[in-house]
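Read from first to last, the chains carry the letters A, B, C and D; within each, the first residue is number 1.
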Amino acid sequence: MSILIHQNTRVIVQGITGRDGSFHTQQMLEYGTSIVGGVTPGKEGESVHGVPVFNSAKQAVNATGADTSIIYVPERFASDAIIEAADAGISLIVCITEGLPVNDVMKIKQYLDEKGVRLVGPNCPGLISPGKSKIGIMPGHIFKPGNVGVISRSGTLTYEIVYNLTSSGFGTSTCIGIGGDPIIGSSFIDVLHLFKDDPDTESIVLIGEIGGDAEEKAAEYISKNLGHKKVISFIAGRTAPPEKRMGHAGAIISQGKGTAESKVEALESAGVKVAEKPSDIPALLR
Amino acid sequence: MSILIHQNTRVIVQGITGRDGSFHTQQMLEYGTSIVGGVTPGKEGESVHGVPVFNSAKQAVNATGADTSIIYVPERFASDAIIEAADAGISLIVCITEGLPVNDVMKIKQYLDEKGVRLVGPNCPGLISPGKSKIGIMPGHIFKPGNVGVISRSGTLTYEIVYNLTSSGFGTSTCIGIGGDPIIGSSFIDVLHLFKDDPDTESIVLIGEIGGDAEEKAAEYISKNLGHKKVISFIAGRTAPPEKRMGHAGAIISQGKGTAESKVEALESAGVKVAEKPSDIPALLR
Amino acid sequence: MKLLEHQAKEVFRNYNIKTPREHVAQTTEEACEHAKKIGTPLVVKAQVPVGGRGKAGGVKLVKDLSEVASVSKQILGMNIKQCLVKKVLVSQALPFEIEYYISITLDRASMKPMFIISPSGGVDIEEISKNQPEKIFNLSVDLVVGIKTYEMRSVYRKCFQDEKNPPSISDFQQLLETLYEIYLKEDAGLVEINPLIILDGKFVALDAKMLIDDNALFRHSYYKSLENENDEETAQEKEARESGLAYISLDGDIACIVNGAGLAMATMDVVKHWGGQPANFLDIGGSSNPAKMIKALEIIASNPNVKSVLINIFGGITRCDDIATGLVQALETTGFSLPLSVRLIGTNDAQAKEMLKQVKISVFTDMNEAIKVAVQHAQGGN
Amino acid sequence: MKLLEHQAKEVFRNYNIKTPREHVAQTTEEACEHAKKIGTPLVVKAQVPVGGRGKAGGVKLVKDLSEVASVSKQILGMNIKQCLVKKVLVSQALPFEIEYYISITLDRASMKPMFIISPSGGVDIEEISKNQPEKIFNLSVDLVVGIKTYEMRSVYRKCFQDEKNPPSISDFQQLLETLYEIYLKEDAGLVEINPLIILDGKFVALDAKMLIDDNALFRHSYYKSLENENDEETAQEKEARESGLAYISLDGDIACIVNGAGLAMATMDVVKHWGGQPANFLDIGGSSNPAKMIKALEIIASNPNVKSVLINIFGGITRCDDIATGLVQALETTGFSLPLSVRLIGTNDAQAKEMLKQVKISVFTDMNEAIKVAVQHAQGGN
């Protein structure tokens, strides 16, 4: 088992003819992901790495029966691409693109919630269930199948931690990068909720960072609902200065809120062991 | 059984100190409805016909455990009163007030749908489950308990038809006036859906009128889902001229759409017998 | 309420939608003055709140300034569908090849605003939908995310494919955003541009139609102040509206006074069923004020076609005794002499019947009976 | 990006929010001219995109026109929190008794816009929430129904109960509607008025703060044109931003070059853990362009505090060989001489190690090892 994606997940790539879209389509195909179509308006009839291109998400879904979409279109068009995917009947949308206006995402999130469509991201590395499917940009070779669920607001930091896990013999059930923006489609809690009932996920690594209060809320959820699974965390940004956006749009300590201390304290109160360094995580998992 | 309301429905009256609110509070109390509180900002501590008044819906709900609200506040304040009731935790809101701006109701409807709160009306006579509870303005004495469910876009026309039913020996399970505005909280279909599973409703009288396509949609729903119950209909406005608003804001034949002919045809195609005159309905029910 | 063309275009200009250069005139002299400033060719257009002005001769192209006076004189004072022309719009005549249609209105089915767009404008949307339904494009607007770009792009491609000098897609988007803003902010039930033309690659609204939600007039005092000016009502309809009655004139001879819009419609239908012709729709509403009944009888009496009067009241909130009181007063004060057929049932109907018996009015309990008698009255029986 | 006070107030005036009479000046002469028109008393305010201007002496009350020149001269050219004062705002000084605070911003928890309103303004909202949390009122805005009247009324009552000449509730509602409109239409992350005062029963914005969402600047060309003017960045931060790098100066001596924001933060944290002090946050992003590495080294080299450089790359999309290429080029062209500690892992790390071996740079696979060496470098070890 895994959460959200599996061997039979049928994926379309929006922005498949672009540089990133094309490159990662190839990478995902090599990993074994079932990429069934791509979308670029005006390029219907072309193909990218053998994948047929359609003019619209609706046409792609109708022709391929896709249930999932991954979005690589440029930031100005990404919001609309998400809406288009949702209207086309896609039930899981993974938005890799970063730089979407916050107000757009705020509106989209409400729109998707009404429709019951799940969004992962934006500004995220996607998700992977090792050995089954990869819908994202993470380097597939550092993962191996296993029983640790990984959720993260970050990209490369996740790879760093997964690398440590894999090196220490821990495999991953599903690893999901939820994104570094102030508003994201799927929160820590949304994903924890899925891991809660996934029999193949025995323990969970939650990788947080400064900004917002998603980790504090996750801590509350964990203390109430996840007594039966071990949860380990790492929070990046203990040394980050206040009022500065640390790369991610959401990584900012603002008006005294969103500090690493607050998050560590909340998680520890919920019984979560919080690692000092990424390399300490495997030991805490044992 | 009945739909939506029953003996234990706990009701607050928003606008209880107004002329209509006060009068109908008394009428409902006399009918046996459990009116547990009223709301008029600034009048907390007063009482109307023995019912305590609160400053806000939230306070009224907290103090009384009400689950239903009926709204008599003037049209300028009614939209806000609906939102306030929904935010206070009310699950069924009946809006008697007429004259709400269409755009306000459009927004409210979406807001309530997101929250899972049901609205009946606006611009409606409310609903009654004879012998159990009356949440509305209909003359209670013309009803008697029974097995006919009545749904209507109208007020007095409903009384006319119920009077005919009662005189001919037919009692009513629940009678609900859904309102005459272009956008309403509960549609024919919403109510038919409830009647469908109500064991005490054996047959249904659907009272429609010109304007919109609610009757056509209801016909479609009936043909698919209500084979097990007899449905009789009456459509008002066969002689109404086009492009004129016939009293109700929603009763207008516009650009050739919304005619009585179209509705009658759709209903008859769905196997519904449509009465020529209100007085013909009892015979068709037999 | 319906805005006149020049009023709707003023709204458009406030929102930066282009219109021809134009001014409204109430006299021939004013029209000539405006025409001098605008120059020819120009169009003189009757300002009335009804359609079909062109066919009625209310819209004239003028190529020479010398004709403005005679054309304006001809149009001012015309009667178009019972509406007196009190104002004309003197408007620059602009060249165009394709007439587009665009409107935004409430789609009752989806309960959302919806654009209707067509490259076959210049005629009524009904006509387009009858003759060229494939040339009509709908665009639903979501209340949270607004106009969806991917749908907008698709309509743009289909709609402007035959245009030599098409507007940019961002101009198109801007037009839609603006119409949506007008729709929401002005509480418009309909905002329509027909025809919409393209001049030098830019949109220009040649005509304009706007309906304002009557229920929202309380927050639009400006429109409320225009209300009397924009009357397409008959004198009776206006008097009724001002008295809080819903009244609509019809062609028949049996006047109907009913409480409740649904019952009023049904009453008309049953009148027809029994061979009569209703003279009006009249809903006196839920109130019990006897004055309303007096006013209703006055309005009805002023219609010369009426031969018979039917009163059908189902008392609920409306009390039958109040109705009877009003009726008695009206008969006393107005010298009303038309044959009456009265049906009363519900709250306090016994008292009402007693009161009416005093003045020799017999009252029915059954709606069909009352209507049959009213039909007989109209047909000369008693 | 942050708007300067005078820029934000210009936005306010466009939306009909009242401000004092005021003009911006870049020279003493200009300031004196404006002052003559405005009259005394007035305030001269430094226009810098940082807080704490008052405490730093950047805001001065002037009671006599003769003082304007000296006060302006004193403020223009000041340095407030590393920002040079290039402009002052000469602004009418208005009387007030109560300073209110109002702002609208994104509430990340509810994912909706939220107003924060207080009758204890004039100080930072943080200070109010510390000292008088009971005087802070929140008002969440729903994306569909907007500002809820019943909540607005409740805040109005609580907020203005001590006001002698309170604004009307419809003025309050109008202010909220306007701020919400600005928030949405201008893609503002924050719109703040502090203090907001009441003059003759009407709201006036004495100060203004607006943050514009950087991600939305593509649809706001006007703000984009102001971007350079509103710099609160250090020279390095600016250079980095223009090169597409995310860079933030810190006080330490170990420069960090990392790919990915999360890993960059974690790297800083681990530097600290091993006893070092990071000199910066620097995310070179996901691209593999060698030029970025060159630019990153240049920026770092221009910081005189840096004693040691740490490069930490987890190759995914970023290819380690590209990083190595950039590094080698940079060393060749810039004469870069600071001690380096390099950690590379992931895509093409073998080739990268080979390339760096050629130029005698040893490469770590383990993050902790690389960081420990960087800390030793900074402490004078090798």
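Everything below uses one rule, namely that a contact is a pair of C-beta atoms (placed from the backbone, for glycine too) under 8 Å apart; a residue touches a chain by one contact, two chains touch by 3 or more.
Fair warning: this is a prediction, and the values are worked out from it, not measured in the lab.
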item: Fewest touching-chain hops separating chain A from chain C; value: 1
item: Partner chains that chain C and chain D have in common; value: A, B
item: Chain pair showing more contacts of the two, A-D and B-D; value: A-D
item: Farthest chain (mean CA position) relative to chain B; value: D
item: Distance from chain C to chain B - Cα centre to Cα centre, in angstrom; value: 28
item: Rounded Å distance, chain B centre to chain D centre (Cα mean); value: 54
item: Distance between chain centroids, defined by C-alpha means - chain A, chain B (Å); value: 46
item: Numbers and ranges of chain C residues touching at least 2 other chains; value: 143-144
item: Per-residue overlap in chain A, given as positions that touch at least 2 other chains; value: 107, 110, 114
item: Chain A contact footprint on chain C (complex, rising order); value: 142, 144-146, 148-150, 153-154
item: Residue numbers on chain C that touch chain B, as the complex places them; value: 106, 108-109, 111-113, 125-126, 129, 143, 184, 187, 189, 213-216, 218-219, 246, 248, 250, 258-266, 268-273, 278, 281, 283, 286, 314-318, 345-347, 366-368
item: Contact footprint of chain C on chain A as seen in their complex; value: 41, 56-57, 77, 80-81, 83-84, 87, 107-108, 110-111, 114
item: Chain C-touching residues of chain B, taken from the complex the two chains share; value: 75-76, 99-104, 106-107, 109-110, 125, 137-139, 142, 152-160, 163, 180, 182-183, 207, 209-210, 212-214, 217, 234, 236-241, 244-251, 255-256, 276-279
item: Footprint of chain D on chain C - complex, ascending; value: 143-144
